[in-house]
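Heads up: the structure comes next, in structure tokens.
As written, the chains take the letters A, B and C, and residue 1 is the first residue of each chain.
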Amino acid sequence: MKARTELLVSAATVVLLAAAPAISPLVHLDVSIVSEVLVTAIAVMSVNLLLGYTGLPAFGNAAYFGLGTYGAALSVKYAHVHFIEAIVIGTVAALLGGLILAPFLLRRRGIYFGLLSIAFGQVFYFIAYRYTDVTGGEDGMQFPRPDAVLGGAHQTISELGFYYVALALFVLVVIAFRSVVRSPFGRTLVAIRQNEARVRYLGLNTDRFIFVALLISATMAGLSGALFGLLINFAYPLQLDWHQSGYFVLSMILGGAGTVWGSLVGAFIYVIGKDIISTITPLWQIFLGALFVACVLGFPRGILGSIAALRARAPDTFTDDDVNAAFDPNAPVEVGRGA
Amino acid sequence: MAPDAILLEARNITKVFGGVRAVDDVSLQVREGTIHALIGPNGAGKTTFFNAISGFMFPERGRVTFRGTDVTRTMNWKRIAMGMGRTFQTPSVFPELTVDDNVRLGVRAHAGQAFRLFTPTGDAKATVDRRVDELLGFVNLTAQRDRPLSELAHGSQRLCEIAMSLSTDPVLVLLDEPMAGLAEAETDRIMGVIRDLRVRLGLTVLFVEHNMRVVLSLADRITVLDRGKLLAEGTPAEIAANEAVRSAYLGEGVLEHV
Amino acid sequence: MIEHIGPQLFNGLVLGAFYAIVAIGLSLIMNLTGTINMAHGSFMTLAGYLAFTLVSRGTPFWFALIAAPLILVVVGVVVERTLVRPLYKREPFYSLLMTFGLSLMAEEIYRLIWGPNGVPFSPPKALAGAAHLGFMSFPTFRIFIAVVLVVAIAALALFLTRTRFGLRLRAAVQDTEMIAALGTNTQVIYAVNFGLGIFLAGIAGVLAAGMLGLSPTSGNALLMPAFVTVIIGGMGSLFGSVVGGVLIGMAISLTTLFIPAASEVSMYVLMAVVLLVRPRGLFGEEGIFG
């Protein structure tokens, strides 16, 4: 995308999102569903950083997402913290979870990374599931949405208010994310995906890059999870389950790997689709499963990626489109790491 | 360091794959400022030996010393920081990135900028830009700098890979079959670049090669491997006259025209 | 408390044998094709339901124990040929997503056919009692399960080490580039390998349905411990899967006895410790998957 086109598209998207609460009643959508789209998009971006940009099959991000939710939920329920503090605590909880798991995950690549991230991701699920006295176990735990306190003034957060908080945070995350993936660090991540051996033979310890990418990803997923918990005022173990990780990956593929706005598109299709189909039929899961199958067979480059491929122009510089084009499904994943 | 000081030394390297000794007790010394060739028939263990030296894998036995330091079990990325550069048999590049970005990644890595979360501007950027220009000029790829590598001919990809391996300011460059799969004209172009590595940049080169014309015209010293073992070592004239080398290569026809 | 340790260790062995046989099936498929089969649990569930249907129509349990896994193999090979095989040449997470999607659909289909709640599926009367060994007694069905699983694993080991086809399969599993060199029909290798993994899942599925219950998602309960088993034992090592399975089975049943809330967490602690000491698992070698 040319810089000016991108700026126009981005501005239009933000304006559209700002006006969404006015539009959504016309199509019988609750504003909280649109909030859920934004919140989910942040989690999808967290998967995108690892899978879409770095090429690591991140199938455990629900762990950080759920840690965000439980961090916020437990701190509101037991410590009665306020709105902003709850978001911060949830996000930090996920970052800490990432710090614990990253040393185990970053030593392996490819399918083994996927296996480790699924297995390790599940540990928090079992803790939430079993530690019934505190977490409510399988039934989950309800908690009220706390007021925001700024300079001593209490402010209750309505559904509309929540939407704009989510939108502001979403825009901030998009700007930060875009800056990171275009920075030398982000380009090195893309280089790791394309050819990790070469990156190491440029004298870079790729493990360090992957470590930081994992922490950034965990933090983003945690922020998303904290917001999600505060949106639905509920925390339950399935948020930590590998199924949830799979939904994030699906949304990422739907929107297009390695694109900044693809995550929003993917989250939109997933959240709105689930909402619409589940009101029509109880067999929602069959459609979701079919969506996985269709997505894998039909358009592995995602919606945005497929559109970009249709335009079929020669890539000029290192843009997001190129990153997406570089998402070569046939590329070898494993590299020589020097024993 | 003295002009003919030993830059790299491999002693009694042994690497086993599934019970087979791919490299068996091979030793080699590379002196500073030389162009040293590693040759041998197919399956002689040249690339395996190369991998052991460059840290792509670690040997079961033996010792690798680089600039006086034992690097036998040093991670490959650390060896780069110590002044080693390497290319691979199949050009190891970032195929979807442009020539410029391929080289820039290495220059940034060496400048300590790879970890920045924000794009550098001002002086930091200017320094990198200058170095990228210089390297692209050295391998004569300036005109193609904005094209993705996958669109370039094999020989140009190899040149770009050489520029990438130079981006980290090495003192020793390891080239694994730099002429593999190239046409005659491209071979000459790369030969020129390899000569320039020593003449213009003052680097030491160790390269694996199949093409005897290239080896005999470029190398100061030649080490010959055969079936994992050291067969001979010497000057091009000595190697060309060596009976054992001639018989090892018999049937491959590579020495016929020498 | 102490008097429970003996029976609980035996329970751990039975659980471990389950984990091992499921892990071996996962491992075979994963190593040859790079596919993490997320539908493995759903295949196990299906085997349970097939056996349930057969038994409720008057078929003897013994027959269902063999027939259900065989029917499952047919389903599995059809799925492999039509949906999974086209993905082998792409990055491995595509086949992971595919099998994940299939498992979601399968669960819903089981709900439609057999109802959303569990169905009662109990072992035959002959296996219902308990066997007394003087100092303690075990449920006969669990002893039966242990015997069947051990025989199945031993038979698999013999097949892989003693038959011509088994040796080729093992060579291919250990080094995928070998397949081409062997000149064996790769299509057949893929199908037999997948079928074998599914057959093991089928046996585990029928037995687990009798011991742990049968519901649309019941098979998934064995999936996560099986992943952990593969990691602890080392990818690609069948022996490692057996050792890993037994270790986890023991760890889970002993923690269940002393700290019930930590029963699942114990296997993660075990996994973390093993990975710290041996990053490739207990018997994992430097393989194609790094």
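Keep this in mind: a residue touches a chain if its C-beta (ideal position, glycine included) is under 8 Å from a C-beta of that chain, and two chains touch if they have at least 3 such contacts.
Because the structure is a prediction, the values reported are computed rather than measured.
Q: Strictly by the touch rule at the top, which chains does chain A share as contacts with chain C?
A: Both-contact set = empty.
Q: If you average all the Cα positions, which chain's own average lands nearest?
A: Smallest centre-to-centre distance to the global C-alpha mean: chain A.
Q: Between chain A and chain C, tell me the centre distance in angstrom, where each centre is the average of that chain's C-alpha atoms.
A: Chain centroid spacing, chain A to chain C, equals 31 Å.
Q: Centroid of chain B to centroid of chain C, CA atoms only: how many Å?
A: 48
Q: Find the geometric centre of each of chain A and chain B from their Cα atoms only, then give the gap between the two centres in Å, rounded to an integer.
A: Chain centres of chain A and chain B, defined by C-alpha means, are spaced 42 Å apart.
Q: So which stretches of chain A touch two or more other chains?
A: Within chain A, the residues that touch at least two other chains are 337, 339.
Q: Would you pick out the residues of chain B that each touch at least 2 other chains?
A: In chain B, no residue touches at least two other chains, as defined above.
Q: Which residues, counting only chain A, touch chain B once they are in their complex?
A: 179-180, 182-188, 190-191, 194-195, 197-206, 208-209, 212, 315-318, 322, 325-326, 328, 336-339
Q: If you look only at chain C, which of its residues touch chain A in the complex?
A: Those residues of chain C that touch chain A are 30, 34, 36, 38, 83, 86-87, 89-94, 96-98, 100-109, 112, 224, 227-228, 230-231, 235, 260-265, 268, 271-272, 275, 279, 286, 288-290.
Q: Report the residues of chain B in contact with chain A in the complex, numbered from low to high.
A: Where chain B meets chain A, its residues are 51, 54-58, 73, 75-78, 80-81, 85-86, 88, 92-98, 101, 105-106, 108-110, 113-120, 146, 148, 164-165, 167-168.
Q: Applying the document's contact rule, which stretches of chain A touch chain C when the two form their complex?
A: Residues in contact with chain C: 51, 55, 57, 59, 104, 107-112, 114-116, 118-120, 122-123, 126-127, 129-132, 242-243, 246, 249-250, 253, 283, 285-286, 288-293, 295-297, 300, 329-331, 333-335, 337, 339.
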